[in-house]
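The chains carry the letters A, B, C and D, assigned in the order they are written, with residues numbered from 1 in each.
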Amino acid sequence: MDMVLKGGTVATARDIYTADVGIQGGSIAVIGRDLRGDRVLDVSGKYIFPGAVDPHTHLELEFMDTVSSDDFYTGTVAAACGGTTTIIDYAEQMPGGTLGQAVEVWRAKADSKVVVDYGLHVSITDVRREVLAEMEDVVRQGVSSFKCYLAYPERLRDDELLQVFLRARDIGALVNVHCENGWLVDFMARKLLGEGKTAPRWHPRSRPASFEEEATQRAVTLASIAQAPLYVVHLSCEGALGAARRARDAGQPVFVETCPQYLLLDIDRYDDPGFNGAKYVLSPPLRERKNLDLLWKALALGNVDTVGTDHCPFKLVGQKDLGRDDFTKIPNGIPGVETRLPLLYHEGVNQGRISVNRFVELVATNPARLFGLYPQKGTIAVGSDADLVVWDPEKEMHLTVENLHMNVDYSPYEQVTVRGYPEMVLARGKVIVEDNRFVGEQGSGRFLERRPFSLS
Amino acid sequence: MDMVLKGGTVATARDIYTADVGIQGGSIAVIGRDLRGDRVLDVSGKYIFPGAVDPHTHLELEFMDTVSSDDFYTGTVAAACGGTTTIIDYAEQMPGGTLGQAVEVWRAKADSKVVVDYGLHVSITDVRREVLAEMEDVVRQGVSSFKCYLAYPERLRDDELLQVFLRARDIGALVNVHCENGWLVDFMARKLLGEGKTAPRWHPRSRPASFEEEATQRAVTLASIAQAPLYVVHLSCEGALGAARRARDAGQPVFVETCPQYLLLDIDRYDDPGFNGAKYVLSPPLRERKNLDLLWKALALGNVDTVGTDHCPFKLVGQKDLGRDDFTKIPNGIPGVETRLPLLYHEGVNQGRISVNRFVELVATNPARLFGLYPQKGTIAVGSDADLVVWDPEKEMHLTVENLHMNVDYSPYEQVTVRGYPEMVLARGKVIVEDNRFVGEQGSGRFLERRPFSLS
Amino acid sequence: MDMVLKGGTVATARDIYTADVGIQGGSIAVIGRDLRGDRVLDVSGKYIFPGAVDPHTHLELEFMDTVSSDDFYTGTVAAACGGTTTIIDYAEQMPGGTLGQAVEVWRAKADSKVVVDYGLHVSITDVRREVLAEMEDVVRQGVSSFKCYLAYPERLRDDELLQVFLRARDIGALVNVHCENGWLVDFMARKLLGEGKTAPRWHPRSRPASFEEEATQRAVTLASIAQAPLYVVHLSCEGALGAARRARDAGQPVFVETCPQYLLLDIDRYDDPGFNGAKYVLSPPLRERKNLDLLWKALALGNVDTVGTDHCPFKLVGQKDLGRDDFTKIPNGIPGVETRLPLLYHEGVNQGRISVNRFVELVATNPARLFGLYPQKGTIAVGSDADLVVWDPEKEMHLTVENLHMNVDYSPYEQVTVRGYPEMVLARGKVIVEDNRFVGEQGSGRFLERRPFSLS
Amino acid sequence: MDMVLKGGTVATARDIYTADVGIQGGSIAVIGRDLRGDRVLDVSGKYIFPGAVDPHTHLELEFMDTVSSDDFYTGTVAAACGGTTTIIDYAEQMPGGTLGQAVEVWRAKADSKVVVDYGLHVSITDVRREVLAEMEDVVRQGVSSFKCYLAYPERLRDDELLQVFLRARDIGALVNVHCENGWLVDFMARKLLGEGKTAPRWHPRSRPASFEEEATQRAVTLASIAQAPLYVVHLSCEGALGAARRARDAGQPVFVETCPQYLLLDIDRYDDPGFNGAKYVLSPPLRERKNLDLLWKALALGNVDTVGTDHCPFKLVGQKDLGRDDFTKIPNGIPGVETRLPLLYHEGVNQGRISVNRFVELVATNPARLFGLYPQKGTIAVGSDADLVVWDPEKEMHLTVENLHMNVDYSPYEQVTVRGYPEMVLARGKVIVEDNRFVGEQGSGRFLERRPFSLS
């Protein structure tokens, strides 16, 4: 046995028990008691979680005339420090380009930098006949999910999205949809700007919950027509959740992701003094408080499937301020890849809103299952990768810029102190984080070939 | 290590991997590779499932002028042969009696006979002030769930059920409700009998799906008023599922159980020749075919939480025939404790409707979690009871009376051959079933003190 | 021509135009221009409405140890002064008694006193085989609607209500249901009293909206099972309206009545100082404000069919104060037969919430149609009874006790001044009200034999 | 009195009674008994209906490379012969053109030809800033409703439709929306053609009910965002009706039109032998039978507001056959302006599905009210235009091409014989149809300036 984690409380999506975990050759070799090994770490009083899987990141993304400020090194270091040992990043098809090119470009950016394993989705932004044909090749290369936008200039028309669904059904791909009605958003933004409303607080007014609900309803209908599974990314509001749940209750495979920002922050943040509201300019925007309560209940009862981050950081100085005079020019996004687990644990588990098991399921197991990484990732089981988080439930951390590793000059949770934080993080059996310091190696992460989608 | 199951495919509600399972002192001690032990069984090519938990049985139940034909010995032997190593039986409060008496009477019947561990629910049939007070004591004794009927003479009035919910919320109990509108059923039955309609085929006509839907809607509303969790037993139809799901989607903790008979048999069975329809006289009755399809989809997508049996067997000769001239006198019930896993595996997993993990979750993990037995029961984890099923996915079995161990003279699945069956069953580390033969000991099962209900 | 109303604006449920109305022999003989007659009244600048039909009154009702304070004389005088020329009162079956007896008793009370025409519903409170049989005779006598309670001691069980629906369907009767769950109400009231909560403000807390929604849902389901039409009386809240509308949208003939008190008064009234909250103790109780807004929208869009009054007055001194120390002993009811039209006109038409046509439809035409009085009552058409209201849209009135004719010592609308009031009221061609004075004759009203219910 | 119709049964949307109707100067002057006049027609035993209003016609419409085969003369003659004395035709904005030009073009086509009064809607197909501005002028000219397409090349984007709604709300216009998702239709049509599926039977498969439901849901949402009223034209299916009704129940002013073809013909017609299915190529297409039953119930219960025709005839020879080898080239449309009343009366009133009043309301009163023509049109009241239909309830008519006046070489109802037909039709007091012959004068109809929309 290369290493034994001794006496911890192993917590998976369903189980919770005290045991030693033995690691050999980067995998979990044995779970039991009285195990011995070359290196033995006493982790009693700590949880052992499977390394978390973030199904939604945007590293080094060229977007809105700038580039998201975390590259694949800083971004994955931050992920690791926060307990996430796998990310699935969105490679973006260029206009006129192919999906394969997107994958190539992203791998070129990522492979030499990543410190944890990673997979890719591809965003389809230019639906041509040959692009639809190419989807199958991409799935065979281990990129078994696609994203389609209904907002932003990259948005698809309904017939294009339908075609993507039809293909996806046939080749075992899962289609992720950004559900906001972009036509309405663009109109409303123009209208507000025309009325001289340029500050960050007008951003959420340009894309109200009804626009998200409409688009979600439409995506659900198109998926139903195509009999294809649907994964709704970053769902933020009651109406959209209702659309998704009605479909699921009727037997349609619709899956829902939300993000910590939609659980913890509300629309009042846009009224922060000065230009500070820009910190929270992301899409969909933060919502009225009642939506937050509903989303927490949905987490507890299994009505939301995953918690991702939509990590897409931009610095306040030099990036967010591109939109100082025009909220539509503020790069959309928020940092989050590092704080997902601490926030969800503190506000969810500590507050009694969700169980430890549900916590693990939302941040690790379900993302791994839905995106074809399971059981290699997302659980603690014999044979699984030894991606493990030793979690100290008593460790307190202020979520300030100083304590975090993301390459961004603000923290949306600057005032927040959480209890419960990683003490140590292992990736394929190697310790890569200790005491909030990254101790691993650049480029040590690997590209993951994900399996096709399967309902089971 | 007392025993090692070697090389099997361990399947839990979430995980599936190849490993050895080591057992010591009746518990699972280690899961890993290359384990050694005093007794080593090669189970390669087989699944290792956690022993299943049947949350709904009626053994030795005095009901409708007779007694259900399996006692706690024959019933638990049959359970074990079918892969179920824990049952939760319903103790029934007598009119004028206390809940504590019901528990005593049931333990007196069961303790010396059971061959697997068991827990008890208590059915509250006579709501008096002191009975409501007594609920807390019963929960402290490890009986943390109660059943209320909305049909049968035992049914409660709405205010009585509300009071039970209010108490349950305060003391951490889960209320199970039999949702059929008994007043309507009685009227309809009288009406049909009055028209000379006495054959078994009139049984389902006396209690149509709308009666179940109405009662489910009412139970959901009352639970909502009381802010108490609700467990709907043996749900059989689309309307009732809709009522439960709408509440759950809105954040109400409503849980749903269905049974194999509602997944596999339909209302046409009542037209079997002669008096054979009586075999299927149970409540709720078998439904129109469309409900079956919907229930399967609900299983796959997580819209149903558990699959129990409502095992309540009566012999065709000498029992069912009490109602030869009057369908309302046919004892209501069907055997099933032994066939739950084979049927669900064959029709669910083999047909691609549900995954192996979901199968385990429905028959073992979720019942254990909802009823406070987890992780002692319901999973394969270090420290859990070594209740294990070695499942041969290739073993075929005809579900005839001859091959089954339930004390009843017919099989509802006489013509059915399944693929996938227990090869060996262990209870707390002891082999109690081998090759479809019970090899354990009468009275070796123990009463389980279940923990109070908790959403997490 | 006996009389001509000259130059008024005739308004029916659909039409509005300027014309003379000629009356002969108690009926409308001609509508046109330049009509001549023995007596010509210039009504230019005034509306001519059909005399209104109040589908829901309780005169001389023995209830809760007292008798409603308006008898058939004072009550119908008040009705007439407010523009209502037909009432349909509820005759109540006595325990052990027959429906025919109820009709007899009521006619004995009413015939010699009524100053406007009237019809009767019968409340079925004791469902016996012979009572069900008797329903048909009663319908033949012109009493073609029945009421069933789901609250109060008079409430029916579900099977009893179902039987009433089944009979009603076969004989062309319309079943009116009081939808509150009486079992829950009784429990909650006892609970509150047990906690020392005896003041009027606890009345609405003993029967919250959820109890009404549940009962409405149940009534809708039972009617659906029986394929019988349903008329929900005095609907007060959003949840109940939703239940009714979902059924109607699905093609089920469900009709909804609300009352002015549910449109104008809210739950805050129970906090009026001293014992004044008792003025508003009626069932269902006044609701949260949001329900009022919804009900107004429903009136405008045709989602509510009628506005009745549930007129059931009790004096504050000597009657309401029976419950000074126990809110459950406060006689339930509120006066309203006189103020229905002024309030609905002022708050509805003057405020632009509903049109004049919709106003007429709600207070006159729809009640007449649903209850088999049309076109004799409820419209202005050649051949219809000359029950007419000359309505002065500019006349202001303070709705104080002094200005009203109901035999009760308080007005729920004491502070309200309305614009729009009857200037003159005719019953079968005779002027019976002039300038807010009754000028007709006691006993001049007739019993109306109503036709069976028909959807068209 | 110029003319008196003597002894008929006057039927309006709410009233039904026997009376004489006196006409003077083109208007209804008096309704009563024993009227005298210069010309007296005995119409006893006949109904007198208000002349019907068809809110949805397409005469002389250039569409799909041809022109609808009825011009404003033949089309209005046919309308009149069928009992319709007002039509509202759709003027179509040309790409780059203005709304005013559309009105001018249409008036130039219509004014000299129409034999009954007519109004215009304008279809907005090119949303430019100045076009939005111009809407108000058009409303002032008496064109107070606009149509937007969500299908066909003329379709609007969501932001364009939202802008139209926003304008409409401010200026009192009613927006009519053709709800089918045109992007999906185009894709599906191309797909089917690509598979060699070119026959008429593929037309409905290229635009299934789900496409209509999606578009209806979207239109409802956009109208809700804009707080504008919505009129859904030619609704054909259950899902779309559900979307409309849910909104209406929640207090949103959404109105629904259906057409006789969706009530009487189903998808099986596309399997008529040879190219005969082309007769029924219209959009939305004919639907599965279950939708028909639901629509009838909706008519009866007030869940549909109007019955229009979407009259848009194309000859089988020379027009429909443009699409002999490609169903997408078959001009979309069906004749109907003449048969609306006979079909709805025969299948609705004679079959007991709707009352005579409801019949009148659907074909005359509601269209007149919603589109600002009431009470000039749509009712029989003093002062209203003397547009009247003397309806013989016993007259039988075979709806063959020979018996009809529409300029088209087939009848969709060739085999149908109805009972109930116009005996005589009057327009502004002049008899224009007698015994199924047009006896009026070309150009005698007038353009109607319609009032702005108002909810009341």
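Following the convention adopted for this analysis, a contact is a pair of C-beta atoms (placed from the backbone, for glycine too) under 8 Å apart; a residue touches a chain by one contact, two chains touch by 3 or more.
Predicted model, so just to flag it, every value in this text is computed and none were measured.
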item: Chain pair equivalent in interface to B-C, over half of contacts matched, among A-D, C-D or A-B; value: A-D
item: Between chain B and chain A, distance of the C-alpha-averaged centres to the nearest whole Å; value: 38
item: Distance from chain D to chain B - Cα centre to Cα centre, in angstrom; value: 59
item: Distance between the centres, which are taken as Cα means, of chain D and chain A, whole angstrom; value: 52
item: Touching pairs among all chains present in the structure; value: A-B, A-D, B-C, C-D
item: Contact set on chain C toward chain D in their complex; value: 10, 12-19, 22, 29-33, 35, 241-242, 245-246, 248-249, 251, 253, 294, 297-298, 300-303, 352, 354-358, 361, 365, 369, 375, 379, 381-384, 455-456
item: Residues of chain C that touch chain B when the two form their complex; value: 157-159, 162-163, 181, 183-184, 186-187, 208, 210, 213-214, 217-218, 221-222, 224-225
